[in-house]
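Working notes for the structure below.
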Amino acid sequence: MREILDLIKKGKVTIDEAVDLFRNFGYEELGYAKVDHHRSLRTGYPEVIFGQNKLPEHITGIVELMLRHDNNILVTRTIEEVFNQIKIIAPDAEFHKMARAITIRKKDFKKTDTHIALVSAGTSDLAVCEEAAVTAEIFDNEVKRYYDVGVAGIHRFYSKIDDIRKARVVIVVAGMEGALPSIVGGMVDKPVIAVPTSVGYGANFNGLSALLGMLTSCASGVSVVNIDNGFGAGYLASMINKL
Amino acid sequence: MREILDLIKKGKVTIDEAVDLFRNFGYEELGYAKVDHHRSLRTGYPEVIFGQNKLPEHITGIVELMLRHDNNILVTRTIEEVFNQIKIIAPDAEFHKMARAITIRKKDFKKTDTHIALVSAGTSDLAVCEEAAVTAEIFDNEVKRYYDVGVAGIHRFYSKIDDIRKARVVIVVAGMEGALPSIVGGMVDKPVIAVPTSVGYGANFNGLSALLGMLTSCASGVSVVNIDNGFGAGYLASMINKL
Amino acid sequence: MREILDLIKKGKVTIDEAVDLFRNFGYEELGYAKVDHHRSLRTGYPEVIFGQNKLPEHITGIVELMLRHDNNILVTRTIEEVFNQIKIIAPDAEFHKMARAITIRKKDFKKTDTHIALVSAGTSDLAVCEEAAVTAEIFDNEVKRYYDVGVAGIHRFYSKIDDIRKARVVIVVAGMEGALPSIVGGMVDKPVIAVPTSVGYGANFNGLSALLGMLTSCASGVSVVNIDNGFGAGYLASMINKL
Amino acid sequence: MREILDLIKKGKVTIDEAVDLFRNFGYEELGYAKVDHHRSLRTGYPEVIFGQNKLPEHITGIVELMLRHDNNILVTRTIEEVFNQIKIIAPDAEFHKMARAITIRKKDFKKTDTHIALVSAGTSDLAVCEEAAVTAEIFDNEVKRYYDVGVAGIHRFYSKIDDIRKARVVIVVAGMEGALPSIVGGMVDKPVIAVPTSVGYGANFNGLSALLGMLTSCASGVSVVNIDNGFGAGYLASMINKL
Amino acid sequence: MREILDLIKKGKVTIDEAVDLFRNFGYEELGYAKVDHHRSLRTGYPEVIFGQNKLPEHITGIVELMLRHDNNILVTRTIEEVFNQIKIIAPDAEFHKMARAITIRKKDFKKTDTHIALVSAGTSDLAVCEEAAVTAEIFDNEVKRYYDVGVAGIHRFYSKIDDIRKARVVIVVAGMEGALPSIVGGMVDKPVIAVPTSVGYGANFNGLSALLGMLTSCASGVSVVNIDNGFGAGYLASMINKL
Amino acid sequence: MREILDLIKKGKVTIDEAVDLFRNFGYEELGYAKVDHHRSLRTGYPEVIFGQNKLPEHITGIVELMLRHDNNILVTRTIEEVFNQIKIIAPDAEFHKMARAITIRKKDFKKTDTHIALVSAGTSDLAVCEEAAVTAEIFDNEVKRYYDVGVAGIHRFYSKIDDIRKARVVIVVAGMEGALPSIVGGMVDKPVIAVPTSVGYGANFNGLSALLGMLTSCASGVSVVNIDNGFGAGYLASMINKL
Amino acid sequence: MREILDLIKKGKVTIDEAVDLFRNFGYEELGYAKVDHHRSLRTGYPEVIFGQNKLPEHITGIVELMLRHDNNILVTRTIEEVFNQIKIIAPDAEFHKMARAITIRKKDFKKTDTHIALVSAGTSDLAVCEEAAVTAEIFDNEVKRYYDVGVAGIHRFYSKIDDIRKARVVIVVAGMEGALPSIVGGMVDKPVIAVPTSVGYGANFNGLSALLGMLTSCASGVSVVNIDNGFGAGYLASMINKL
Amino acid sequence: MREILDLIKKGKVTIDEAVDLFRNFGYEELGYAKVDHHRSLRTGYPEVIFGQNKLPEHITGIVELMLRHDNNILVTRTIEEVFNQIKIIAPDAEFHKMARAITIRKKDFKKTDTHIALVSAGTSDLAVCEEAAVTAEIFDNEVKRYYDVGVAGIHRFYSKIDDIRKARVVIVVAGMEGALPSIVGGMVDKPVIAVPTSVGYGANFNGLSALLGMLTSCASGVSVVNIDNGFGAGYLASMINKL
């Protein structure tokens, strides 16, 4: 803001121009969307598109616009059909089938020194786990995966505990009763990001049981993101890992 | 039924009398209640009064009637005021303050050889725990208590695991996220009766989080009773312990 | 644990080896899953795979691994397509269409002396019932079925009551208002495992009405498993039947 | 309406007067309330005041106005304090403590030939039951009470079944799992009005479990009124009994 | 029961035979179902099959059995495919497309003198309405339909009010906010059976808004059946109409 | 009403005819629907058909009837297939694909001087937005669209604030947490109509999170319509814009 | 904003001062609160304090600060005790007992030419109604009250319909099933602001039934504010009335 | 663990002693509680007691035990009465009235270089805010408070934005619609811990609206703790601040 104010003072822009400048900086109008480079321009962060409920041609259009800025790009909640369209304009795009995500890497991968531990309760949570992993990785974090170590056979978790403790931040993905974050939070002195999944049936009520269980966790250091929100967990973990 | 049919055949009762007999056996009319000796008469089980929402004089009236049968008596969800009235007609009555229960023991305590393990997650669940314990004990079971061993400091639980495995059936009482039964169910090869409690706040929603968590437990051998239903857990555990 | 500690004392393993042993015993890493033989190895129990949300090739892979141990195997919530793959590696596999389950019997069926009664309210609950039955049977229990005896025509239930009373434990499966477990619990002096089903419409809310009804049952000796959880009921019933 | 139209035709009222007549007939303005004699004037029905959330002086004011019409009067959901005020202006008023209701009988009790059966599951539902009974009685119905015959000791119900079948309509009051209306509906060929009560705890959720249970009842001929709505059940039963 | 007892007295059946008789009368075993002729045999009522969740061949099997008794038959929640199978064994079967029901009339239609008014709020509730109508008609009631008279254009309802008042009992079907039964209940002195439908979107939550609205109706004489339960309303209305 | 009363007085209609007139004016019977011209006739408003759950031939039939009155016509929640049928009888009909609506304009578009601002949080809410826009436009309002200006990049909204303030009434459409109406309501001194959408996943619970968020908005001047109810918002905005 | 930019250009403020000006204008810091005169300063609107959950001394402190600006003041959700403190610093303050509100009028009441109709379903909704009325009046609107005209005796409403139609905007307050706004919306061509109240019991679930009913209203022109939010309705009605 | 294993190897402890050591280290048995020094011993963290639902004498007993370890102590959810008891054994204890917390500082306050920003939406959330602040402070963090900057007057928030961006982690406390974390998350590139509060009424449903709003926030970098869980937020913020 100071820059713009400075321009006014120096008489380089009129007041009307200044008012316009205040208004239009930070995004590009695309008709069906206002593409926001605000954060990525300033920070070099990847640009992200939430693919669900968006038309394939809209996603492609947004990607096309983003490609001009040479940032990494991440498309989440998407399908192979979209990937095929994007490959045409971005041949180096990669499709992560399990994660339902597309990444386009424009900058070299400079892995963080510290890493993120990604812990999952069962094998049915893989899609959510991989969405978190792919997100964290396109943001240049090292991610270590510990899958299928849920509370029903908790000795599998204990065999990995020393490794997990070495991470800077831990993502725990679990469906059903969502008990695993309580266990992890009680044994690891690091921030725990809990991701409830909609995996389960009956009294699971589409993830409600896991969500409520994680929110009422009696372990400290645990916070929760939306049901199935692997991206949110990966993004937040990256933020904490890079502090 | 056969006995009554037999009496008819032998002509000892008329058909009308038989119809009456079919109808009235098993309970006594008290105006405000039909006291049911059905099960206790046959099995020697204690007689039980659910005290909540009952007037003190009604409870006392029912107890008076029951005293004639020389069975043990249990009053749950009750208060000291009721106890004071009952002591007059049953001087050997005992008040269990923490469990909010009254017991009257008419028969010697013949402890079972096998025992029930009673495991609780925190110190705030004590009322529900003790209701379960007092119930199981008036039904002549030996009960071993393992309190305050919840998942936030799960090493406290592990230090007791060998003992708990020796029980014939395990009651697990927990509020908040209700994760403990999953842990117990995963490590102990015995039937686990899970009791969610309404202890907690916020997203606990009066026990809903613990209830859903226990119902969706990924451990096998776990079943659930109503929120705060210590009596139900104690009764069922006694049934299983005596099989 | 003592065994491993013993090995250390005798100097047969180094401390590092011991730490490793503590960690890795009990499961096999399969990439997409950690297969847990922990319980089955020790107890001779069948090995169980929850099929829902698992890829067919993953299920087949896990079965392949399990076949090496000569235990009985149970796959639940699965489909014919998976069965066709498994038949190739396990020609003696059986598909239980109604129960949506696959069993592979490696050990002779030694039926228990006592049996489990399986009572259902209606004809629409059959899938859940049969999942419970197939589970209990692969765990070597005798199961007696009493189907379609719900409260709307309760005389059908009463005609079977003497038989049902002879069981060691009773599973009651019901949808809609879920009233049947209360009736059974009031008339049978055995542990009752209530299974709410999602059968119904409107205010049934996917099994919620049956679930809440069973949890608040005024009969004693009743506990509840998750909606449609036939496997859980069969497993627990087996546990109690074999005590 | 025809009467008013007739008056217009005959020129006895102007159009403006007619419009006014259309508007104002049927109630009296009291400032804080519009007292509606509409139905009672035409049918000789008692006049009813729902007492909850009304100021005592307002209730007394409404009663005073109603007394001019010599109909029976019923005040529901009220307390002794209100009764004491009303006794001053209506010395023959009666207070039904258990039902929390006041009645003023201005017309002789002409009992119906047929009667209403009032069945309750437990002793804790008495307030709701008595509200239904007092309502039906001030509407000149004979009411037969069958209390404490719930499903946990269902033989108590069966001993009364022949009597209950003689009623013209059956009210069934139950809390907890609300299973009794299903039993009654399955055995009695009469309309069953089910009243869920908020009696219970835990997963009862203030009557929700009983409400959902009754709505999803698999027995035919059962309909449901609001939780604890004894008045509504008594009123509807009276309507059906007098058809 | 008296009949059987009589046979015993007269020595015509042994006690064992009597016990059997008590058990087996009233239904026929079909393997997958226990067909209950109990009520229809005694009362001449039609026999009813709830078609949802039943296999076509099971429905046909049950119908085949029922055909022997020459009662009218009603199959609800069914589809054309089932009808085609049934037509083979019952050429006079009729399919009611809108009501999704099959009827087989074996007895002449003796219409009741009094009739049932069937009122619906909108045109989207027709399936539920017709299920109620077809049910009431196969039970030999005259039904008068008043469709699409909801509260948004309430003058359409008022134009029919005099006719509706002539019915003996009124069924009101409504989705969305379910306000129509309150209006009807306030203007018609007859029992009102309210049927909430799942028609709507958003905050309708599959019929919840209409259900709660009807349950809390401030009009008297209104009771409620399950969401979309046209059959239940038609059956109960028939019961009341024939009292 | 006065007109009809006047006719009676003048003897031009009999009383019976008057009663009939009272009843039948305002709608036309179509068998499957009562088409209500009441409001449109008097006000010149467009006639509206809610297309969801209606058969294509019914919609066409209603449109045919309406075409006689030369009012504009709006069909909401409909599909291309219906449009193709309607084009045959109304060649000037227009299909709004994104809005899932059909309009038939019979009167010239006289745009209002004042306008409605239509603000949306994201690109996934477009269907609901366009339903609101099309509705407001067929009611002759000028609508200005401000799409994709949600709180995650709130600077996009601020760049438009001066324009939005010039509207007479503001519609705000948002899914997920539904926070945008609070922001708008806090910064714009005009009535804000908030439309929650079902866009989202997990704890969104089909629009519940947005709905509750908007209802509890701490900004003044905000009111809420049903989830996804673009039509309702457009209609109400038109009403306010034309006051 | 332009004013501040202008000052910069003219060199009257430095850039740092400008940044500060941008930040601090519009509220006063009070330690426990940031009192916002933003809107009232510009528009002459009354200043409003939401009293619930605020300490009496805090409310008094905020009022004291506001008194300096000579605007009208409104305190909602408050109690007599607070009023007594405020009277000391503002002797002309008025307490509206039924509305639980305090008003301080500093400017003459210039009633609007048009008026707001305030319609309520029952006598138990008075507190919410009066909160709406007092709010609208301190904002200088004329308010006409139509109380106790709910759907159970809908003729009371019809007798007032011509008057209500003369209002510019209508507030409708209703508890229980919340059906009245649908009726009003169907008969009055003005914006209807619906206020659900928490008055009721049982399936009312603290206002949920009325809330859902109003949201799913099939009448057009109806929007909804939070349960019991009389202030919100009065504020919005004032906004619309003054357009 | 290695230490204990080492002792075995060296023969300094027998295997039985080792098993005991494994079990008992980390907590002290107090009869009513197992006091866990596990984490605080190792890390020098303060010891924490969750005061709600605990008897005063129990809290005092636990504090007494903890005092021996010279760590800082924090008691949350407590009352003045408890403080008075604790002051006797810990004269330097401090009571934080607004936060309902007691702190005992045994170690000097070594403030962190980086700090935590604590942002709240309104003045009614102060108790939750202060619980978070007191927690973070006893864990030796610098906390900067920004209170009463909610979305209804969002310019108050913007005036503080530059300061808030300097924090290492941001706690945002909000009730009602819980929109503030979305705004903060969209403008601040730091981890945001969102705390929903139960402040509100009506559709707030005890914090549900804020909770769901925060979980579905469309801003990245936001995670959520339980409703009113100020402690949890303070603890997690401390963890992140010290990474």
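Here the chain labels run A, B, C, D, E, F, G and H in written order, and each chain numbers its own residues starting at 1.
By definition in this document, a contact is a pair of C-beta atoms (placed from the backbone, for glycine too) under 8 Å apart; a residue touches a chain by one contact, two chains touch by 3 or more.
Values in this document were obtained by computation on a predicted structure and should not be read as measured data.
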Could you let me know which interface, B-D or E-G, is made of more C-beta pairs in contact? E-G
Matching over half of the contact pairs by residue number, can you pick out the copy of the B-H interface from F-H, D-E or G-H? G-H
Measuring centre to centre with CA averages, how many angstrom lie between chain D and chain G? 38
In angstrom, rounded to a whole number, how far apart do the mean CA points of chain A and chain G lie? 42
Do you know which chain H residues sit against two or more other chains? 153, 202-205, 211, 215-216, 220, 226-227
Applying the document's contact rule, which stretches of chain G touch chain F when the two form their complex? 39, 43, 48, 168-169, 189-191, 193, 211, 215-217, 220-227, 231-232, 235-236, 239-240, 243
Complex contacts: residues of chain F adjacent to chain E: 22-27, 32-34, 36, 38, 52-54, 58, 196, 198, 206-207, 211, 226-229
Please name which positions on chain B make contact with chain A in the complex. 121-122, 150-154, 176-179, 182-183, 185-187, 200, 202-205, 208-220
Residue set of chain D touching chain B in the complex reads 123-124, 126, 147-149, 153, 155-156, 158-160, 199, 201-205
